[in-house]
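The structure is given below, and queries will be raised subsequently.
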Amino acid sequence: MKYNIDSRGYYGKFGGAYIPEMLYPNVEELRENYLTVMEDPSFQKEFNSLLKDYVGRPSPLYFASRLSAKYETQIYLKREDLNHTGAHKINNTIGQILMAERLGKKRIIAETGAGQHGVATATVCALKGLECVVYMGEIDIERQAPNVARMKMLGATVIPARSGSKTLKDATNEAIRDWINNPIDTHYIIGSVVGPHPYPDMVAKFQSVVSAEIKSQLLTQTGKDAPDYVVACVGGGSNAAGAYYHYLENTDVKLIAVEAAGYGVNSGESAATSVLGKEGIIHGSKTLLMQTDDGQITEPYSISAGLDYPGIGPMHAHLFDTGRAEFVAITDNDAMNAGLELCKLEGIIPAIESAHALAIFEKKCFGKDEVVVLSLSGRGDKDLATYISHFNLI
Amino acid sequence: MKYNIDSRGYYGKFGGAYIPEMLYPNVEELRENYLTVMEDPSFQKEFNSLLKDYVGRPSPLYFASRLSAKYETQIYLKREDLNHTGAHKINNTIGQILMAERLGKKRIIAETGAGQHGVATATVCALKGLECVVYMGEIDIERQAPNVARMKMLGATVIPARSGSKTLKDATNEAIRDWINNPIDTHYIIGSVVGPHPYPDMVAKFQSVVSAEIKSQLLTQTGKDAPDYVVACVGGGSNAAGAYYHYLENTDVKLIAVEAAGYGVNSGESAATSVLGKEGIIHGSKTLLMQTDDGQITEPYSISAGLDYPGIGPMHAHLFDTGRAEFVAITDNDAMNAGLELCKLEGIIPAIESAHALAIFEKKCFGKDEVVVLSLSGRGDKDLATYISHFNLI
Amino acid sequence: MKNRIQKTLANNQKIVSIYFTAGFPNLNDTCTILEKLEKAGVDMVEIGLPFSDPLADGPTIQESSTQALKNGMTAVRLFEQLKDIRKTVSIPLVLMGYFNPILQFGVEAFCQQCKAVGIDGLIIPDLPVDVYENEYKHLFESYGLLNILLITPQTSDTRIRTIDSISKGFVYMVSSASVTGSQKGFGEAQTAYFQRIASMGLKNPLVVGFGISSPETFAQAIEHTNGAIIGSAFIKHLREFGVEKIDQFIEKIRGH
Amino acid sequence: MKNRIQKTLANNQKIVSIYFTAGFPNLNDTCTILEKLEKAGVDMVEIGLPFSDPLADGPTIQESSTQALKNGMTAVRLFEQLKDIRKTVSIPLVLMGYFNPILQFGVEAFCQQCKAVGIDGLIIPDLPVDVYENEYKHLFESYGLLNILLITPQTSDTRIRTIDSISKGFVYMVSSASVTGSQKGFGEAQTAYFQRIASMGLKNPLVVGFGISSPETFAQAIEHTNGAIIGSAFIKHLREFGVEKIDQFIEKIRGH
């Protein structure tokens, strides 16, 4: 339990619940109930059956033979792109909607960056017949238009966040404001392992199904249940948390977290939190975040809406702090090239977020017999316009 | 074997191989080899492992509880929308690319309507490193833009078909012309159960995994391996063929085929082949097709690019002729409403093709305890623009 | 009683044959074109019955078919136009059409009409050999119509011999594996193919089609065979000049 | 030695308190605004240290914060501006700021500076009660700073009593569960809430904040409590009139 959460809601020195008193009842209600609810057999049963019959889990663990051949190592892709709605985000929203239902909530709010979490939230709200309001940065609304359309189809109200950098951070602020204004009947479905305790832990637990599956799939496919490496991109860090979860305490498994370097870590246009960030408070949690010397939160930049966030979840701050995970920053360009390469070699169009993780193979050499599991967190359908214009494919 | 193919390549009086001599060697090579290749254990092994680890099969059989409640019957959705690339089409292209590889082909061509088959073909070509050319009607290129972008990302060349109605029929003509011009190293991956024998049978066999899974999933979930009804939309008829396959000879299972009525069966803007069609020859097969009294093929119309085809596969012509399947025609409007309803009730955005099948519940009453399996052949991501403008969702 | 096709090919070792689409450029050009072709010294004509989906044809013939259909051409109308053709034209006439319109017309009725107006043979590219043999041979023969079958560079020797044995008028040698109109000129592979088939000693004469568009390709095609069919090149001529200057086109192709 | 906040609330049963964002509308307006507020008869002021992500604030205060940051406001600069404030202003001054900028400044250094310039209390909305108690209470107290804690209509009675027991200056009653500036007027639920808390007999005075924008809401707020804080309404006034007519604004709110 060195790398997981402690009983006070902290990962080492990171975490906690730095929230205004207005949010105290909501967060406290959740904190008091989340473990009991999650461990309830009826909850487990419904959660697992929706993951199986609705989301399509288990997602495959696919040995990417042409990619492996090119990089002379053993690459397995955890295919979260095949989930209903196209990313890992739905694992969490399924869990949280069942939680909200059991807490008697009637209205759901969420923030979204890439729109995947917004779509996943709108989806589960439709499934349960609950009202859904999604906050999304104005810039993200533009660059992830297909997901905005999907949310509307699903009956959600999408409200543009127009402050700050008009991206994920600002959408999160707006969602928190909504929650402050609607403390009784509303549940806030946070989309990553960020926010006040118990969110990071709750979201990580819902996403932990990913590494639970990796373990059993790897055992079947290779005879060993643990790989040499697990690689995942980190926006807030939920897909990484899910992919790492059951390996956190097994230090034979090396963890690699890939952040978005935008135009370059030192370009001033970046979202590489671990390099550029310092300890502080963002969205209710003590963690690493990009900020000025005065403690104003920096507006990040990445071509990838899902990684365009100035913080990381407290688990990841701790993994960075302790050296348990290696952090690598990947530029827009390198990510886009890696994304296109996966299309050409494996016939899979990855989300630009996931493409950042894929760029690891140009950055780092792995051994011929080493097994690298990479979290393919989402599919690139939402990113087609960005890909097409980046590569001039028209 | 009353409803399946006979040894001469016919379903009753439909089928055969009405092809120009230029295509004879290609088609004959395939006819001679397809069964042997498909039955080869190494083929089966690779096919099944790709279906599992790459495509994400089995696709779930999802009990749609809110939809079932609304229509007071037991509705199970076969979730082909969760397959890699978003539709059932990939089952067939995986099979055919392995076939092409074993026949030593180096270049792949395909036609596409909705673009799903084009994407599925471009995908398997990338996976195998083969050149890929996809023919697509100019109108379909416009209305299914996301799929055009995906094909380009995957490295395929998309060639617009500019003759006739500029839709699927014309793209098929162009693909056949290409094949005539490139008879030696090229394999033509047809996207539905149409074309000259052995295509209809080969494609049906590759798609039959769908009903094989339904049988075992239904047994687990309901204790019986056969439903009362299987419902599927029919463009060429491949998703229907897959969903019916293992129930063809079990006449306790009622089969419903849903065709596109466009603006109405008698509006002159329709693609309801079984009502409007007569026996004839299209794309190398004797089947039912929409045609003038002079035998000119009619230009069909449907809001759904994948159903916008003036023929149906010979299996379906036979199922219609013998009364084994009930054919129902659904208008654009009814399909769009049914599609939106699925979004709102179940959080699933269906392809407009599949939405036609869903409209059956407004047309036909099913018993409270009757089990209806519906082939949700694809997801609606490709159709967002059409949905959004149809419902004025901006 | 020999069929006109057989007679022509027996008399004339190197025939020039022209394909055109009935109803193009204008609905009622059919007879004029036929008469002018005969006058220009053409030995045989293929009259194309236009089809909406001519999948063995290249863009030139496709477009002419689309135009002809727009102009209102149908099988009924074509037979109507041809009803007195044998009063003015005596060279062999072959009707070329896709199977579906014929099927809708009724195959027997179609044969009957063909015979009535004086058609000598049929080319139905998408009527496969086995279906023809099993279902329609008897009918065609009873109306004195020769069914012209195709071979291509990919057709196996065995199959060529089968086709030769079924054929009565000539064997239509597709110059290369390609839809009509898509050849620039003949290369070594094609010449070798012409030679190879010629040396097989088939019972039927060989007539080459597809890709003959110039005096050079015409000369190459007939070197080892009994004649050649010009399609797309003639359609282009019609598109440009209408029914005028047909004689000049033929002269040019013959290379004198 | 009593803190100025405590003295003011002991003397004056119904205080009027104003919130404004330091550095808005212009970087150097801080002292002018403070002086004018005192002159207009305001009893206490909350000076907002602007933050990039003020998640408990509504659009009016957010925008003023963004503007203030653009103008160059920082904690360092604010303390610089306030260094002689106690020469001209004697009413209690509360600094209100989000926790992150304070953390970056260094919590102890921040307390030290507050004391040096004459700040009486702090409101840090995202510093939770337990963290305050465990980590910072000692520090705040050693610099004579009162930490003002909030309660809302959703706060349980038990928790209100805990907060009351930890509090020394006053309890900040959030009028309703909402971010600042989002109330139109007070309804029955709020009046009942004011009454309910008032009847709990807490040891600390109660000051109401959030949603006070008019003489009516002000009057309602102070009926059962010891005072009210006006924020967004005052920011809007500053946006429209700058530092002019502050006295008129205060007069209007007081309702005379």
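Going by the order they are written in, the chains are A, B, C and D; count residues from 1 in each one.
Following the convention adopted for this analysis, contacts are C-beta pairs under 8 Å (C-beta built on N, C-alpha and C of every residue); 3 or more make two chains touch, one makes a residue touch a chain.
Keep in mind it's a predicted model, so treat the numbers as computed, not measured.
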| item | value |
| --- | --- |
| Reference subunit B; chain at largest CA-centroid distance | D |
| Chain centre separation (subunit A, subunit C; CA means) in Å | 66 |
| Distance between the centres, which are taken as Cα means, of subunit D and subunit A, whole angstrom | 37 |
| Subunit C and subunit D: spacing of chain centres that average the CA atoms, whole Å | 96 |
| For subunit D, residues contacting two or more additional chains | none |
| Sequence positions of subunit A contacting 2 or more other chains | none |
| Those chain pairs that satisfy the touch definition | A-B, A-D, B-C |
| Residues of subunit A that touch subunit D when the two form their complex | 16-22, 24-25, 163-164, 169-170, 173, 176-177, 180-184, 278-284, 289, 291, 293-297 |
| Contact footprint of subunit A on subunit B as seen in their complex | 52-54, 56, 59-63, 66, 79, 81-84, 86, 122-127, 129, 146, 149-150, 152-155, 340, 343-349, 380-381, 384-385, 387-388, 393 |
| Interface residues, subunit C side, partner subunit B - complex | 51-56, 58, 62, 66, 69, 74-76, 98-105, 125-129, 131, 149-152, 154-156, 159, 174, 177-179, 182 |
